[in-house]
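Notes follow the structure.
Per-chain numbering from 1; labels A, B, C and D assigned in written order.
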Amino acid sequence: MNGVHDLGGMEGLGAVDPPAQEPVFYNDWERRTFAMFIPFVLSGANLDMFRHGIERLHPVQYLTGRYYEHWLHTFESNLVAKGVISEEELEQRTQHYLEHPDEAMPDGGDADQAEHYLKIYEAGASTRRETSNETPAFGVGDRVRVKNIHPSGHTRCARYVRGKEGVVTEVYDAFVFPDTNSKEQGEDPARVYNVEFDSTELWGSGNAERHKVLFDLWEPYLEAA
Amino acid sequence: MNGVHDLGGMEGLGAVDPPAQEPVFYNDWERRTFAMFIPFVLSGANLDMFRHGIERLHPVQYLTGRYYEHWLHTFESNLVAKGVISEEELEQRTQHYLEHPDEAMPDGGDADQAEHYLKIYEAGASTRRETSNETPAFGVGDRVRVKNIHPSGHTRCARYVRGKEGVVTEVYDAFVFPDTNSKEQGEDPARVYNVEFDSTELWGSGNAERHKVLFDLWEPYLEAA
Amino acid sequence: MTTTESGSPAPVSGTFPVTDEEIAARVKALESLLIDKGVTSELAVDKIAEMYEREVGPHLGAAVVARAWTDPEFKQRLLDDATEACREMGIGGMQGEDMVVIENTGDVHNAIVCTLCSCYPWPTLGLPPNWYKAPAYRARMVKEPRTVLREEFGVDLPEQTEIRIWDTSAEVRYWVLPQRPPGTEDMTEEQLRELVSRDSMIGVGLVAAPA
Amino acid sequence: MTTTESGSPAPVSGTFPVTDEEIAARVKALESLLIDKGVTSELAVDKIAEMYEREVGPHLGAAVVARAWTDPEFKQRLLDDATEACREMGIGGMQGEDMVVIENTGDVHNAIVCTLCSCYPWPTLGLPPNWYKAPAYRARMVKEPRTVLREEFGVDLPEQTEIRIWDTSAEVRYWVLPQRPPGTEDMTEEQLRELVSRDSMIGVGLVAAPA
């Protein structure tokens, strides 16, 4: 979707202002939220649904929200949509913890489950897939153009590269296609290409700086230039 | 600038939700703010500076702000930048009226000045200009392409038409050029063309709807297709 | 980056929207400074606001439309040069210095939008409604106008009707000459004026036949 | 559209940012529901969080860099297949299933960004800093990287240095092999690790020579 999350080239957002140091998590709720990703996926969701849930936040919520607040909201909206939890029980429990902010979580836990989750983090969960399309449509050095598409759902084809021409620098294997996977319409693996764009192609010859941008694109996003 | 104000084609902003009725002004401060436009211009500013002052608001302020709040902020930032007023006196007075919200404005006024201002509204203030460039670069029926430009300042060349091709439907006279006028670098009048774009050119052939978009473009934004 | 109470960094500092109290005070602060500089007054504020509250509004555009419906020669002049034709009726001014009127027909439906800000033909339509100036309409109208017209304004156009969206990106101010509804053949120009809504001149409404 | 106290329509309802109290309560609410469903526990939360607080972090990437600086064959393997080369050192996992390491040289400076979200090579760099995930860096880094590097990170690159920005838009996770600074010829692999900062592996910092 043409959402506010698609930030490449936007202006007016202020300084980066990196702090000298920061903790991995600033507080208890950030820790808890980070640790809910595997339970979320095991409840039947996937990484692309996770990302699209964040993209669907209202732009103001997106731009004012703390980072893990985005995670909380995509967990909530996806799990409610899937029927894993209901709005009502979420609101009831929220009310409960608002009134009892210091109440601890239900104690204990299953050591085997915790171990299993750690192993998932250690092993990773690659979205690289075998592809039946053995011959890549494009090769290294080919000039390609990003299609002018504006899907209303999730896509990894950013607005700032659409319609732009670049050169393939790398041909990767196939990966799960976000546009369909986010809708639970199948993994539809497709090859990914790394494409090099000149900044003049992206931002015009009047851009104050000159550089290259390297952007990974799934085959369905591309056409021959 | 590639700012949040450049909204054509953005998604995730919710419903339009038009009310059945609404007043011209909802309250006293909206009325007052509307009426400050002529004093603003007479203080040495212009319409393009006015617009760019709104575009420079932080995206969150832009998206959460009431309409005339945008006007207030561009009046403030431009008049401070021009040295007509200072941040300090503005803050002091604001503090005063926060503490005395019911205090009336200084009374009275100059009837001739009020009459003069009404006459400006009645007469208008056209930005149409004679141009030395007598021969238009493009004629009705010509195919043109909008340049891929990303100026950091004010521009009326919206992102969603950049790089796109259309057909000239009307050749207008010259008008003050916003990109230079907003920076007080001169009016640089240039011809304006009405250009018709097919929705498939703008949004791709996969767009759910098919229609035409008519967009007015100054000559420096265009090249032959 | 700023931080919230719990320490989590937030990308923006401050609380939004700003309070009404603060806005009202800032407006008075600025106006009082401009009064001090001698470039405005309470009288000027009242006169200007009243002009758009009492005099300028969509009833003026409606009068133009009613005349165009009943006077073919005037209609032609309106379509040829709207600014000049409106001036005949004493209508014109700020934000209508260069107006163009576009005609809706059985085949073509036109509507206006300003994706970059809120440009609008003040002299004939008055000041724009808030939804016209708000992000949702501006964002959606150039990409999915048929859906917006149907879902948000109840205007369900036949599939074969061509939709033309005029994005008011420069200083020409477009507005729509709506179709005259059937069953109004015997109505006078004065009666017809009452039928013409603001929305029909923006292009987000149709003029309904009298009940 | 909603209205504020003074009646003025505001395009968004609600107050932003949401309070810390509400966020904290919502997180507990959701976690407690997932505990009820049997898919998480306090123990799992602690174990997972501690893994990224104590074990996984940029010291791992620094170890890889130090080895690449001191072992030319390892460096070649790293540039050929970073995932496999890191695995030799027992480094890998979530968000690093397919890693690619890009080498900074005297002529070319590389840096990473994720304009669409916050993709980042967790196994070697740990969880990303907040500025990497926040709008300003993501928006600016693909359009004006030289300015961002100079103004925000104090990295003032020579005009002739080519800047290459890797927008991590798919599932390959890029990170940077920074240049080994001069004056480090006698340092051991263990000593070199201490020099390598997280920022130098993102590409927003350089590795400074030891004082």
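Descriptive notes on the structure:
As a convention for this text, a residue touches a chain if its C-beta (ideal position, glycine included) is under 8 Å from a C-beta of that chain, and two chains touch if they have at least 3 such contacts.
Quick caveat, the model's predicted, so the values are computed rather than measured.
The most distant chain from chain C, with centres taken as the mean of CA atoms, is D.
With A-D and B-D as the two chain pairs, more C-beta contacts join A-D. We define each chain's centre as the mean of its Cα atoms; on that basis chain A and chain D are separated by 15 Å. Look at where the CA atoms of chain C average out and do the same for chain D: the two points lie 48 Å apart.
Centroids of chain A and chain B (each the mean of its C-alpha atoms) stand 34 Å apart. Averaging Cα coordinates per chain places chain B and chain D 39 Å apart. Multi-chain contact residues, meaning those touching two or more other chains, occur in chain B at positions 2, 9-11, 13-14, 17, 19, 22, 27, 29, 58, 60, 63-67, 69, 150, 203, 207-208. Annotation for chain C: residues touching 2 or more other chains are 1, 4, 6, 8-12, 16-17, 23-24, 130-131, 134-136, 143. Shown here, the protein chains touch in all possible pairs. Taken together, the chain B residues at the contact with chain C in this complex read 5-11, 13-19, 22, 24-25, 27-29, 31-36, 38-39, 42-43, 51, 54, 58, 60-61, 63-67, 69, 72, 75-76, 79, 84-85, 89-90, 92-98, 101, 103, 105-111, 113-115, 117-118, 120-128, 156, 158, 160, 172, 175-176, 192, 194, 199, 202-203, 207-209, 211-218. Across the complex, chain D meets chain C through its residues 1, 4-6, 8-12, 15-17, 19-20, 23-24, 130-131, 134-136. Chain C makes touch with chain B in their complex at residues 12, 16-18, 21-37, 39-45, 47-49, 51-53, 57, 92-98, 115-118, 123, 126-127, 129-131, 133-140, 142-148, 151-153, 162-172, 174, 204.
Chain B contributes residues 2, 13, 17, 19, 22, 26-27, 29-30, 60, 63-69, 150 to its touches with chain D in the complex. Residues of chain B touching chain A in their complex: 1-4, 9-14, 55-60, 63-64, 147-152, 159, 163, 201, 203-204, 206-208.
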